[in-house]
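Just below sit the structures, each encoded as structure tokens.
Two complexes follow with subunit A in common, the first pairing it with subunit B and the second with subunit C.
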Partner chain A sequence: MSRRRRPRPLRARDQVFGRTAPGNGILHRTPAWAKVAVLAAVTVTVLILRSPTVSLGVVVAVLLLGAAAGVPPVKVLRLLRRIWLLLAAVLAAQLLFNDLAGAGEVLSRIIACLLGAQLLILTTRPHDLLGVFRTLVLPLRWVGLSPGRIALAGLVMLRAIPYLADLAHLAHRQTQARGLEHSIRARTVPLLTGSVDYARDTGRALAARGIDQVRR
Partner chain B sequence: MTSTSSEIRLESVRVLAGERELLAVPSLELTERRISVIGPNGGGKSTLLQLFNGLTEPTEGWVTVRGLDTIDQGRQVRRRVGFVFSNPAAQLVMPTPQEDVELSLQRTVRDRAERRRLAAACLTELGIAELADRSSHELSGGQQQLAALATVLIQEPEIVVLDEPTTLLDLVNAERFTGILDQLAAQKGLQIITATHDLQLAARAERCLLIDSGALHSDGAPETVIETYRSMAAQRAAR
Partner chain C sequence: MTSSPLRRGAAQSAHRTVDIAMIGVFAALIAVLAFAPPIPVGSAGVPITLQTLGVALAGLTLGPWRGAAAAGLYLALGLLGLPIFSGFAGGLGVLAGPSAGYLLSFPLTALITGLIAWAVLRRAQPRWWVPLLFCAAAAGSILATHPLGILGMSFTLDVSLQEAFLMDIVFWPGDLAKSLAGAGAAALLHRTYPMLLARR
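What follows is the complex of A and B.
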């Protein structure tokens, strides 16, 4: 009997937010606002200096810091696998319009900033991040926007990402079942109607509970 | 002429979407503790349920809950009427059930530690204390629905309206959900109104409403109304 192709492995669920690396290391215990402040400072430095050495230094520092806090480097680096296509596109564009040194410089900057952010997400509860976000948008009160309402919108958005990822996956499965893999319409229409349904249901549920903002 | 003794009262109600009439109920008074609503898809069950807490407002006529008008006093009405939807995933917005239940309390309980304590107690009461800090997204549908019920019950409603709460649940989870709900309803003296396609569940009510084509088709004891629904369905399927 001829050797059969290996069966496709079942894909694990994509999780962008909402999953923290379990642990109680130094980073887990640092307050969220302090981590956000450090991340912001590091990001600005990396973006201003435009030095591949600094960027690579940041990458190494992020991995070491993560390891010290009990987050294995694999978990931090996993992000790159998820966005490799995006990075490849940046690389291609840079090689096309720039040179190799330029490409390395831009790519190292992007990767340094993203890995720093990934470490923050892995070691901070989403709710705490939301609290920092809510504080950051406080000044918007003066132009008539409610920070609590913006925070609620942020929350619903975070919550929607894994749901929509599941929905996209399901839509893909459904097209496969009907042999319509190549139909963009068959893949997107269920996703769109599903998103609208989800948005409407979420809105109704929040209205029924009388929730229109996140308070402190 | 609104009497406060009646829980929910509808008078000359019509709900229109543009020109189209979604629901018309000339008169209805709901006082029983357990009421079920059955009927075909698209017949107006959800519209009727959403009238009870002001999520849908009557285009014509009046809907009052214990004398409170759902348009003028929508907020007070919603505080008294809890609502559980069929899609459990869309009702949870916080990362964990514990935080979601706390979110329901943010308006009424100022102290954070107190909110935490009350939320934990509520989850324990529903038998899902062990799920408190799990990721809501990773819970099973049955667990999510119980968490959604917790976010509603913590607000101490007097009436709980459920729109096909068990449609997306398997048999075990559906039984568990209704069992817990029955028990709590009896304990707290809640009025429970459930729309469902599960006729066994519908039969457990004191009164049953059959909604079809935007109208109240029959109303009465569950055995009679369910029998009417069965013969209606048989007739239509044969057509």
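What follows is the complex of A and C.
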């Protein structure tokens, strides 16, 4: 008799929207539209000026502002660890085609813009951002699109991401079990059929309840 | 069968709601494929990311308008500040990065791919679907993703167009593999759900 196998620990689910830093600092209480507007202004400034001093200043300001609002700098900087490969590729390309000063300028600009956005992500709930989105698409009324329906599609998307992330993980495990890890198609088909099923079910459930847009 | 105006209206409304849900779910699919860690492909095991596969699938599955709407929704919400780009980045800041051009091209890619896919599904025999859908996905990628991606890189990285083109070549083999896989999956899907991209 073989001993009962020790259960393998389940891998933690991919966290997508649980990334908000907990707290009730000044940034958490600022309305989402104000943060989006400030971030847009800062990004445009950094992109136009293209000066390493300004970019590094923005990085320092973001970290200080985050610390003042109760977001530890480690949480903001964690983004850099996730995209280090991209940054390394940028650095390599710059050293190859430009010089060291150019590399510093480009890298500081990219990091400043991404960290600023990261602070917004860490202190804003996705549903508040969707409210801003619904306001921003209001002008599309004039070309015959309904802002309420666009916002509904956005809500469906928010709800679908965790479900599809689980489905993608499951599809990955299935391809491993079949020895097809190298096949993109074997990994895509279950995800694709699952998406279509999920969309049809969601659409019919919404229709049955008479919901076809998000009203204000 | 007689259909009262009320019932016909209800059916139309249900179609519209399912369309809205399709757009939302396929925007989510693009996001989920963008998160997926790079996977080794082929006997050489070259790691590639699946980000552009979601865009091709949106066009191939939903057709031009709904596909472009799904890609546009993904792009708009990502730029607004949801962490749905690869590496869980998000916000207007990505426009400073090297992938700016690629991201901005997504709605156009889905539109081109969707237009060709729609024509293929209406006109061609099912046995030609896989090669023709592959052409649709490849056309979207060649006509929209890569030109705009090269422009974006030359703008954000301060390099010339030729140098950006050289950097872009790295993505070509993976792109062809993704287009092929997407075409196979989409052809299977359209055989399973013939009404998905209704052949009117």
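Here, the second predicted complex is superposed on the first by the 174 of 216 C-alpha atoms of A that agree within 3 Å, B and C clash if a C-alpha of one lies under 4 Å from a C-alpha of the other, contacts with A are read in each partner's own complex, and residues count from 1 in each chain.
Just so it is clear, contacts are C-beta pairs under 8 Å (C-beta built on N, C-alpha and C of every residue); 3 or more make two chains touch, one makes a residue touch a chain.
Since we're looking at a predicted model, the values are computed, not measured.
A.B. asks: May I ask you to decide whether A:133 touches subunit B, subunit C, both, or neither, giving the answer as first, second, both or neither?
C.D. replies: second
A.B. asks: In this superposition, which partner touches a larger number of subunit A residues, subunit B or subunit C?
C.D. replies: After superposing on chain A, more of subunit A is contacted by C.
A.B. asks: Based on the superposed arrangement, let me know which partner A:202 touches: subunit B (first), subunit C (second), both, or neither?
C.D. replies: both
A.B. asks: Touching A:211, do we find subunit B (first), subunit C (second), both, or neither?
C.D. replies: In the superposition, A:211 contacts both subunit B and subunit C.
A.B. asks: With the two structures laid over each other on chain A, which partner does A:53 touch: subunit B (first), subunit C (second), both, or neither?
C.D. replies: neither
A.B. asks: Per the contact definition in the header, classify A:156: touching subunit B only (first), subunit C only (second), both, or neither.
C.D. replies: both
A.B. asks: Applying the document's definition of touch, where does A:93 land relative to subunit B and subunit C: first, second, both, or neither?
C.D. replies: second
A.B. asks: Identify the partner contact of A:176: answer first if only subunit B is touched, second if only subunit C is, both if each is, neither if none is.
C.D. replies: Neither partner.
A.B. asks: Can A:125 be said to touch subunit B (first), subunit C (second), both, or neither?
C.D. replies: It touches subunit B, and subunit C stays clear.
A.B. asks: Which residues of subunit A are in contact with subunit B in one complex and with subunit C in the other?
C.D. replies: Shared contact residues on subunit A (touching subunit B in one complex, subunit C in the other): 19, 126, 152, 155-156, 158, 198, 202, 204, 206-207, 211.
A.B. asks: Provide the residue numbers of subunit A that touch subunit B in the complex, in ascending order.
C.D. replies: Interface residues on the subunit A side: 18-19, 125-127, 152, 155-156, 158-159, 162-163, 197-198, 201-202, 204-211, 214-215.
A.B. asks: Under the definition above, what is the set of subunit A residues touching subunit C in their complex?
C.D. replies: My answer: residues 14, 16-17, 19, 35-36, 39-40, 43-44, 46-47, 79, 82-83, 86, 89-90, 93-94, 97-98, 102, 105-106, 109-110, 112-118, 120-121, 124, 126, 129-130, 132-133, 136-137, 149-150, 152-158, 160-161, 164-165, 167-168, 181-185, 187-189, 191-193, 195-196, 198-200, 202-204, 206-207, 211-212.
A.B. asks: So in the complex, the part of subunit C that touches subunit A is made up of which residues?
C.D. replies: 10, 13-14, 16-29, 31-33, 35-36, 39-43, 45, 50, 53, 57, 61, 69, 73-74, 76-77, 80-84, 86-99, 156-160, 163, 167, 177-178, 180-182, 184-186, 188-189, 192-193, 196
A.B. asks: Using the touch definition up top, name the residues of subunit B that touch subunit A in the complex.
C.D. replies: Within the complex, subunit B touches subunit A at residues 50, 53, 55, 75, 78-79, 82-83, 85, 87, 89-95, 99, 103-104, 106-107, 135-137, 148, 151-152, 155.
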